[in-house]
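Shared between the two complexes below is subunit A, which pairs with subunit B and subunit C, respectively.
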Partner chain A sequence: MQQSMNRLYTLSTALVATLFANITQGQTGPKVRFTGGARSIISNADIQVNDTIPDKTTAKKAVGGYALVDLGFNISPNKNTEILGMIRINNKYGGFYGAGVAFDVRQLWVKGIIADVVRYQLGDINLKQTPFTLYNHNEDQMISQPGVFQLQRDIVNYETFYKSNTWRQQGLSLDWGLQFNKFVKELNVNAYLTRMNATNFGNIQDRLFGGSTIDLMQSNHLSIAYNLAALFDVKGTALDTNVFSNIVNTMTFRYNNKIGKLNAQLQGEFGNSRYHYSIDTTAPTLTDFFMNPTFTLSPENKQWEAELGYLNVGPDFRSPGAQSKRVDYNAQPNFFNRYKQTQADRPLNYGDIMNNSQLYSTGINPKLMAYNPLINNVLPYGQATFNRQGLYLKGKYNTQNEVIQSEFSHHQLKEIRGQGTSALKSFMMSRLQLGANLGKYLHWDRIAKISASACYQSTQRTGQYAFESVDLTSFQTGMGAEFEILPSMDLMIGYTALQGNGNDLVSDRNGFTEVIDFSKYYVDLNQTVSAAGIRFRFGEKAYLTALYQQSNYQDKIHAYNNYKINHWMVIYNMTF
Partner chain B sequence: MKRYLLAIAFWGIVTANAVAQITNTIYPLGVYPKQAPEKLERFTISGYYRFITNVRYLQNSKDMLSRNSYTEQAKTPTHIFVGDDAQIPQLMLNMGGSITPSTRFSTDFYLWTPMTGAGQAENVKGLNLGVSLTGTHDFQKGSLNVIAGGINWYALTPFTFHTNPGFNRYSIFERNPWDPQTQNIADRYNNFYTNGALNQDTRWGRQAFQGIIVEANDMPKNLSGVIMFGKTQLNGGMAPLPNQSYGGKLKKTVGNHYISLNTFNNQSYSDSLLTHGVGFNMHTAEFEIKKRVLTIYGEVGAGRYFSPTLAKGWGEAIDLKLSFPKTTTGIPLLVRYYRISPRVLNNSSVFWNSSIREGNVSSSSSSDQLVLVPFSSAMVPVGQITNNRTGIELNTEFEIGKLKTSIGYTNANEIENISSQLTYSHPVNNLALSRFWRWGFPANVGPYQNLTKVYRGVFETVNLTDGTPAGIPLYKKYFNNIEVNAKYKTRLAYRDLYINYLGSYASVQRKRSAITVFTEDAYLRTYYHQLEAYYHLSPKVVFANYVGWERIIANYNTTVDAISRRPRNQEGWGFATGFDIEMSKGAGLYIRQRWMNYQDRSFSLDQYKGWETTVEIKIFF
Partner chain C sequence: MKKHILTLALAATLLASSCKRNNSSFDGPSLSDLNGQFGMLQPFQASKSSVDFSKAETVGFTAKFTKLCDWTIRIKGSNSGAQKFITGKSRIIDVSTATWNGSTTVFPIFKNEPCVATLLINGVTDTFNITVGITGVRVPSGFVVANFESGMNTKWATFIQSGGGMDFKIHNDQFNVEGSNYFNMAGTVNWDWLIGMVDFPASAYGKTTYPLSTVGEDVYFNCLIYGKPNTNESRILFQFREDDNANGKFDVASDDQYDNELRVTWEGWKLVSFKYTDLLHLVNGVPAPNNGNRRHNPNSLVMVSMLHLANPSGGAASTKIDCIMFTEKGPLEL
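Entry: the complex of A and B
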C-alpha cells in the first residue's frame, strides 16, 4: 500500500510537470496579438456566346472585386486559455466613402485546457475524423492544379475554411489522452458536439452532429480505434415529434511491421450506418455496412509507396459527415449568371469551380447533394460513396533528389445493387500526376517547375434491354509551369481540360435519399481553361499577381449553349 | 470477475499519465489547425476624435430654403446640428499592420453619433477610405511599389490625374475637417505666414482612386513608371458595369531635369447593355528644366471626349510655366501660359470642364448634381484653369519688412463661345452658405434656383442674354482676375499678432482687357475682401477675427429680375470672431461666431441675415 502511494505521488508530480510542458498555447508573449489576412481583387470579364439569335438583353462585360481585411484578435488572458475573435471588413470595388462596405464576424472561438488534462475548443471549430465518419473530401478536384490555378483555389479554400480535409462546424470539441507504462501505450479520446440548425419551434427540431473517437495504441505496431458520428434531432425542441437520426459506427485498425527491408502497413476501416425517422412511416430506415482494408508497402527512405485496397460500401450506407460535397452544382455563377437573348441560366464551367467560393459549402449537408457525373461519376461522395465495391491501387514515386514526383491511382469498382435493373454498372478510374522541379535538377536558385496530370473515368453497363446501356467516359487533363524570371517574379502558365461524352442514367432521389426515378444524361462536352499570369512575391506571406484566364464551354449536343469567357484578374493577397 | 475488473481499473489509474495532447493516432484527432497561426509583425491604431456642432439663426430663411426637401428647415429660424455633413465623422480610427517591414495593410473605421436623442438607433459606423494594401519590393535594379484596395489619394500629372493645389491664397479663419493639431496652438497661423501654406492632408493636390497602382522606381537609365487601373469618384459605383479608369506614366530623369510621357483614360457606360459607351483619353508629355536663372515647366498633350452622340475629336492641352527666382528678376516671378481645347475633357485633372455638358455624367444614380465643379464658364481663382480657355497668369511674392505679399494676375478668354452661362462663388460666407443645404450636393437651390452646392462651398449661375434666341452666345468671354494676399506679423503686448488680407478683383466681359474691368462693360464684376487677425493671447489660446465683404455686380446683358427689371447687385458682409484653445496635448477646442448679412438689391428674395456658432473639439491620438 505504501509502495502504491509513493508511486502515485511520484506519478502525480510527474503528471503536473508533464502537463506544464505540454501546454502549447498562450503561455508567453503579449496578451493580445493580431492575425488574419488581407486581399484586394479586381476582375474584368467578358463573354462571347454562340447563339444564332442576336443578344440584346444581357451585358457582355462585367467588372467586380473587393478589398477586404480579416482582423483577428488573439487574446491570451492566461497561459491555459486562448480566444480568437475575427472580424471581416469588406469594401466592394467601386464603393467610395463608405459605400459597399460590409462588416462580418468571420470566426469566434475559445480554446484551452481544463484542469491541465482536457483540451477543449468552443465556437467555430474545424473537425475531421475518418473518411467514413467525418471527412471533407475533395472529390471534385480529380487532378492537381498547376500553380496558376492553385492561386485561385487557395483563395476559395481560405474563404470556405477548407484545410486538411476538415469541416467547419460550430460547437464544442474535447480531447484528452492517457499514457501507460505497460501493455498499452496510449489511449486518446476525442469527443465533439456541434449544432447543425436551430429549431423553428414548429416542424424543425434542433439538429446536432456529434461524435467521438477512442483510439487505443497498443504499441508502435498496433492501433485500433472506435469512431462514432451521429447526426440527430433533439426530441422535444419542436412541436413535431418526428425525429431524425443518422448514426455511423466504425472501427479502424492499423498494424505496422517490416517485410524484409520494407515497411508494411495493414490498415482499414469497417462499420455500419443507420438512417432513421422515429415516426414518419413514409420514411425508410436505411441500414448498411462498409469495409475498406488497405495494405501499404514503402521503403525506409519513403521514396516510393504502393497501396492496395478493397472497398465495399453498401448501397444504403449513409454518412452525412463523410458524404457531404464541397461544390453545390445547383448554385449560380457569380457573374454572367444569365446569358443569351433568352436569358438562360449559364451552366457552370470548370473555371467557375476553380475561383467562385460561393459555389462551395461551408458545412455538412444532411441531405444528399447533387453531383456532376462528368467530373466524378466513380466516387462522387468520396471514399464513402455508397453502392460501390472493388479494388484500387495507389502509388507514389519520388526520385532521390525529389526532382521528379509522381502519383498514380487506379480504381476498378462496380455497383453492389443495380439501379432500376439487375445489371450492375462498372466504374474505372485511372489517375496520374507528375511534377518536375527543374530548378533543383539544374541547381538553379530560382523556381522552375512543370507539372502534368490526367484522370480517365469510365462508367459502363450492358444489359438485356436498351435502357440498361450506359457508356460514359470523361477525361481530365492539366498541365502547367512556373518559372522565376526575375528574383521573386514568377511567370505562371496552365491549361486544364475536361472532356466527356456518352450517356448515363442518373438516379433521382427523394428527400429520404431513396431512388424514385432516373434521368437520362447525355453529354458530349468539352471544357477548357487556360491561364497565364505574372506573380510578384513579397516574401512568404504576400503576393501580387496579374492573371488572364480563358474558359471555353463547348457542348457538341447543344451548340447554342456554347460560350467563352475571358477573365482578367489582379490579386494582391496577404496572410498573417 | 469483479475483482479482476477492479484490478484493471486500478492498474489504469496508477499507471496512466493524463495528457492534454494527442499523438500517434490512426487518424489525427482533435481540432485543426495543429499549428498556431503566425501573428502580425506590427499593428498600430491611430486617428482622431472630432466633435463639431453648429447653431444657426437666420432671420428669413423661407425663401433661401425653398427647395423641396429643405422646406421643413425653412419653417424655423434656428437650427442645431451636431456633426459634419462633409463626410468627416466623429471618431476616425486608422488601423494598420505590417506583415513584413515592406508589406502593409490598413483600413480606417469611423463611428458617428448624431446626438439627436434617438441613441443607438441612429448611430453610424463605416469606412471612409476603406481597406488598402501596400507593398514594396526591392529588385536588383529598382523597386516595385504596389498600392491596392480602397481609396488612395494619388497624383500623376496636372493634366492626367491631379487636383489644383492653388497658390495658398485662401482664408484660414474656418478650419477644415482634416486640419491637423499643431504642437503650438499658433503654429497654424505662423506656418501660413512663414511658408505660405498650412500642413495639408494627404489628399492635397491628389485625386481619389480605387483600384491598383504599381510604381516602378529607380530603374536603369534613371527611369521610373506608374501603372494605375481602377475607378475614380466620377466613374465609381458598384454595379458590374465595366466603368474603368486607367493610366500611367513613364519618366526619365536627367540630372535636375526630367521628362515624362503620361496618359489617363476613362471608359464608362451609361446603360446596362453597354451600348452607350462614353469616356475620355488624355495623353501628355511633361517636362521640367531647371537652370540657375529660371525653371521651365510644361505639360503638352492632347485629349478627347467620346460618346455615341458626341465625338468632336482630339484637342490640344498646353501648360507652360516659367519660374524666375529672385536672383534673376529681383522678386520671384511665375509666368504661365495655358491653352485647353474645348474638345479636351478630363474630370480627374486640374482643369474644369466647361464645354461638354454630357461629359459631367457619371455612373451615380443620385438625383443631386453629379460633378462637384461648376459647369459653364466659371470665374475661377488665379491658378485654376478650365477647358475651352486660353490665357496667361503672373504670380509673384515679395516682402517689405514684415509684410509678405503675394499677387496673382490672370488674363484669359474662351476659345469658342459655347456657353451662355457664368458661374461665380461667394467666398465671404461660403462655408456657412453651404450648410444651408445639408447632406448631398443639390443643384439649382436658392430662391431663384441658381445656387449649387459643392464640397464646403456654393457657386451661383447667371445667364447671359446677349445670345441668339436659342441661347447660343454670340461673343467669346474674356476673364480678368487680380488676387492679393498680404500677411503681416507683429507683436502686440508681447504677443504675436498675425494679420492677413485676401483680396480678389475679377471681371468677365466681351472684349479683352489688360486688367479687371471696373465698369458696366463687364458682364459680371466680383470684388472680394477678407481681413483676418489672429492674436496669440496666451500660450494656449489664439483669438481669431475675420471681416469679409463681397460685391458682385452684373450688367444688363445678364438675366434681370422680373420685378425690379435690374441685373444682379449683390453685397455681402461677414463678421466673425473666435478662439483656438489648446485643451491638452493633441486636443484643441475651436469656437467660431459669425454674423452674416447678404442682400441682392435687384433680386429681392436673394437675401439672408443671421448668425452661426460653431464649436469644434479635435483630439489626435
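Entry: the complex of A and C
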C-alpha cells in the first residue's frame, strides 16, 4: 500500500523549489539586503475658475512637494525564512528637524517554507484569486494612457501596491502542491486569511476575509479549480451578536486543444454568492449566481488572439473581493479641493484621477462604492459587475516585428433586472488601443513610440414613460508620443479627453446594497488633460523628469463650475 | 477531446439547472411612483363614524393614490385640542398602515368629542377631511401609582419646603391632561435644590412590594410631565427603592436604590417612559455601585419617591405631573 501510494503520489516541489532557489540564492550573498525606493516631487499649480462672482475666499495657487525614502531590510535569518521590514521617511518641503517629517512602517512580512512542503507568508500579502472572488479590477482606466501620464500612474500604483490586479491585505497565506503519476497531473492549494477590521467590543465585530483555491490540473489540456472567498464577522468578538457574512463559491475551468492549426481554449468561471446578516431582520439575504464562459482562438505564433465571451452576473451577486473599486469618488482632491467664492467642493477631473494616489483605495470594501457613470457605466465593478448579461468580443493583433500593437474589445450587455421599472438598460462599449514602435520600424536604437486609444460607451433605456428614458454616452480618447531625443533623454507628450452627455438614473443604495432611490444624472461635460515633459533616465530604475500638465474641466450645463488647472512638476524617482 | 467537452457540457447543464434567481420585476421604488402625476384612486375614508376606545375599538383609515406618497393623517379633537398623527409612505392607506386606537401624539388626551381627521400629502396642496366621533376614551392599562383623580392617598408622604409661593396641590383647570385632576409642584426655594417631594410606598396600595414582574426588562415607568416655559428649569428625580433582603423595608446599606433625574426642558405636556433596567444608582447625580444584590428586581420595589428639584439661584420653579404608572412589556400609550 505504502509503495503504491509512493508510486501514485510524489510531492510537488515545483513551487517550493522556486522559492527555495530564491532564498538559497540569497544565502550566497549577504543575509541582510536593502530594498526600497526614493522619490522627490516639487509641484507648482494654479487654478483659473470661470465664475461671475469674484472669488476672495480661496487660494488660486498651490506650491508644495516632498522627498521620501522607503528603506526596506530584507533579512534571511536561515535558508527557509525571509523577513522584510520597510520604513518610510517622508519630509514635506519646508519641514526642518522633525517638523513636517513623518516616519511610517510601509511594509512588514515574513515568508518561508515549512518542512520543505508548505509555503507561507505572514503580514502584508498581495492577494488575487479570480475575477469574481478576489481581484483588483482596473475598471476606472478604460484606455491605456500615454507614457507622460503613465509616470504618475506608476507612482499611484507604487503607493497603493497595485500590482498584477492584487489587493494588499494583512494576514496569513499558505501554498502547497502535489504532483501525481496517474489520472491527475497536479493539485495546487492556496489558502489565506486576512483581517479587515478590529472589534470595538460593542457593535463592531472582528471582520475577516478568507479564502481558498484548490486547482486540479488533470493534464496540459484540462484543469478545474474550486475557489472560495468569504468575508465574515467573528461571532463573540463584540456584544452585538448580529454577524455579517458574504460567501462566494466559484468553479473555474480551462480546456485547450487544437482546431486545425489554431490553439483553441474554452475557459470560464461560474458560481454563486450569499450576503447575509444573522439576526437583523431588516437586512436582506441576497443570493445569486453568475457565469462567464469564454472561447479563445490564437495561432501558434500568438500574433493575434480573438476571444468571445458570455457574461451573466445576477443582480444580487455580491463579492466584496471582486467588486471593490480602486477609485473612491467621494474622496477629495489633494489640492484646490475647495474653489470659488462659495468654497464649493471642486469636482474631480481626469487629471486628479490619473495622479492623485489619495483617491485610491488600499483595500477591499464590504460596501458597494460609488462610481462615475462617465468613466465606466458598462462595467463599473469590472468583470464582476452585477446585473449584467450579454456577449463580448476581444482581440489582439501584433505585427511580427512588434512594430504595431493593437487591442480591441466590444461589449454588448443588458441589465437582468430593471431599476425602478421593468424596462432594462442596454449597454455598449467599444475600445481600441494602438501602439507603434517607430524605433523598431526605422531600426533606431532609441525610443520612438506613439500611441492612441479610444473608448466609446453608451447606455440606453426606453420605457413606457418619458421619465424612464436613459440616454448616456461617453467618449474617452488618449494619444501620446515618446522620443529619445538624446541618449537617455526623452521628450514625452500626451493628450487625453473625456466627453460625455445625456442622462441616467443612478441607483442610490442603503448600507445593505439595496436600491432605495434614484438620483437624476444629467451631464454635458468635456474634460481634457494635456501634458508635456522631458525625462532623463539613470539606468532602468531611476529618472528625473520635468512635466507640465493642464487639466480643463468644462461643464456645459453648469458653466459656473468650469475651471482649468496648470500644473508644473519636477519628479525624481528611483527604486533599488 | 469529445470526453472532455462532454464533461464540461454536463457540468454546465448541472450548474444551469441548480441556479435560482430572485425574480423581482425591478429593484428599488417604482419610477412611476416617484415621478408620476398624483391622483386619488380611492377617497379618504374611515372604517366607522363613531368609536368607543374604552371597549378597545379602533378606527381604520383607507385611501389609494396613483403614486407613492409621503402622507400624514392628523386627527384633532374639536374640544380638547388633542392631536394624533399617523404617517407613512405608500400608494395605499389601509388598516395595516393607518389604524387609530385612541392614543394621543400631542396632549391633552382625547375626550368624548367629535374629531376631524385630515389627510395631508407631501407635495399636494389639497387636503381631505372626515369626521370621527369618540364615544368612549381609551383606558390605559398598567399599575397606577398616582393619577390624582381621588385626591391624595393618606399613605403617601409629602415634604414641602417653606419657600415662597409653594403650591404642591391637586388642580382641576384648563391644564388637565388626563382625567379631571393633575398634581402641581411649584414654588421658590432659594436655599436648596429640593422644592418638595412625595413618597409613594407599596403599603399605600395594600402591598408589601409593588405588584410588578420579576423581569426588569419588561417593566416600564411612565408619567405625564408638564414643562412650563420661562421658569427656572425643573428637574424631577425619581427614586426606586427595593427590599432585596426581604426584611420588609429598604435598608440603605444592604438594598438597591435606582434613580432617574429628568430635566424638564420642554414646554407643555410630555409622556415620559423608561425601562426599569435602564435605571442607575446615582450618588449626587453620578452613577455609583449599589448596595444590594445589584440586580433590577421590580417585584422587590417598596417605595417610589418623586422629588422636584431646581437651581436655588434660579428663582421660581414650576411643573405639573399626572398619570404616574408602571406598565409591562412596553411603554405606556395614551
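One rule holds for everything that comes next: the second predicted complex is superposed on the first by the 547 of 576 C-alpha atoms of A that agree within 3 Å, B and C clash if a C-alpha of one lies under 4 Å from a C-alpha of the other, contacts with A are read in each partner's own complex, and residues count from 1 in each chain.
By definition in this document, a contact is a pair of C-beta atoms (placed from the backbone, for glycine too) under 8 Å apart; a residue touches a chain by one contact, two chains touch by 3 or more.
Please read all numbers here as calculations on a predicted model, not as lab measurements.
Which term applies to subunit B and subunit C once both are placed on subunit A by superposition, clash or fit?
In the superposition, subunit B and subunit C stay clear of each other.
Now for A:D288: first (subunit B), second (subunit C), both, or neither, which partner does it touch?
second
After superposition on the shared chain, which partner residues are touched by A:V69: those of subunit B (first), subunit C (second), both, or neither?
first
By residue count, which of the two partners contacts subunit A more extensively, subunit B or subunit C?
When the residues of subunit A touched by each partner are counted, B comes out ahead.
According to the stated criteria, A:P77 is in contact with first (subunit B), second (subunit C), both, or neither; which is it?
In the superposed model, A:P77 contacts neither subunit B nor subunit C.
Should A:S164 be classified as contacting the first partner (subunit B), the second (subunit C), both, or neither?
In the superposed model, A:S164 contacts subunit B only, not subunit C.
Scan A:F253 for contacts with subunit B and subunit C and give back first, second, both or neither.
After superposition on chain A, A:F253 lies in contact with both partners, subunit B and subunit C.
Now for A:G418: first (subunit B), second (subunit C), both, or neither, which partner does it touch?
second
One more residue to check, A:R119. First (subunit B), second (subunit C), both or neither?
It touches subunit B, and subunit C stays clear.
Does subunit B (first) or subunit C (second) touch A:F518, or do both, or does neither?
A:F518 sits against subunit C, while subunit B stays out of touch.
How far apart, in Å, are the nearest Cα atoms of subunit B and subunit C after the overlay?
When the complexes share the chain A frame, the smallest subunit B-subunit C C-alpha distance is 15 Å.
Touching subunit B in one complex and subunit C in the other: list those residues of subunit A.
253
State the interface residues of subunit A toward subunit C in the complex, per the touch definition above.
221-222, 251, 253, 255, 257, 266, 270, 272, 287-289, 291, 293, 314-316, 387, 416-422, 463, 465, 467-468, 505, 507, 514-518
Which bits of subunit C are touching subunit A when the two form their complex?
1, 4-5, 8, 11-12, 15-16, 19, 21-22, 24-32, 34-36
Report the residues of subunit A in contact with subunit B in the complex, numbered from low to high.
Checking each residue of subunit A against subunit B gives 4, 7-8, 11, 14-15, 18-19, 22-25, 33-36, 38-40, 42, 44, 56-64, 67-69, 71, 74, 89-101, 103, 111, 113, 116-119, 121, 125-130, 163-164, 166, 173, 175-182, 186-188, 190, 213, 215, 217, 223-225, 252-254, 267, 335, 486-489, 536, 538-539, 541-542, 544, 570, 572, 574-576.
In the complex formed with subunit A, which residues of subunit B make contact?
11-12, 14-33, 36-41, 43, 87, 95, 97, 99-100, 102-103, 105, 107, 109-110, 125-133, 135-137, 139-140, 144, 146, 148-151, 208, 210-212, 214, 229-231, 233, 236-244, 272-274
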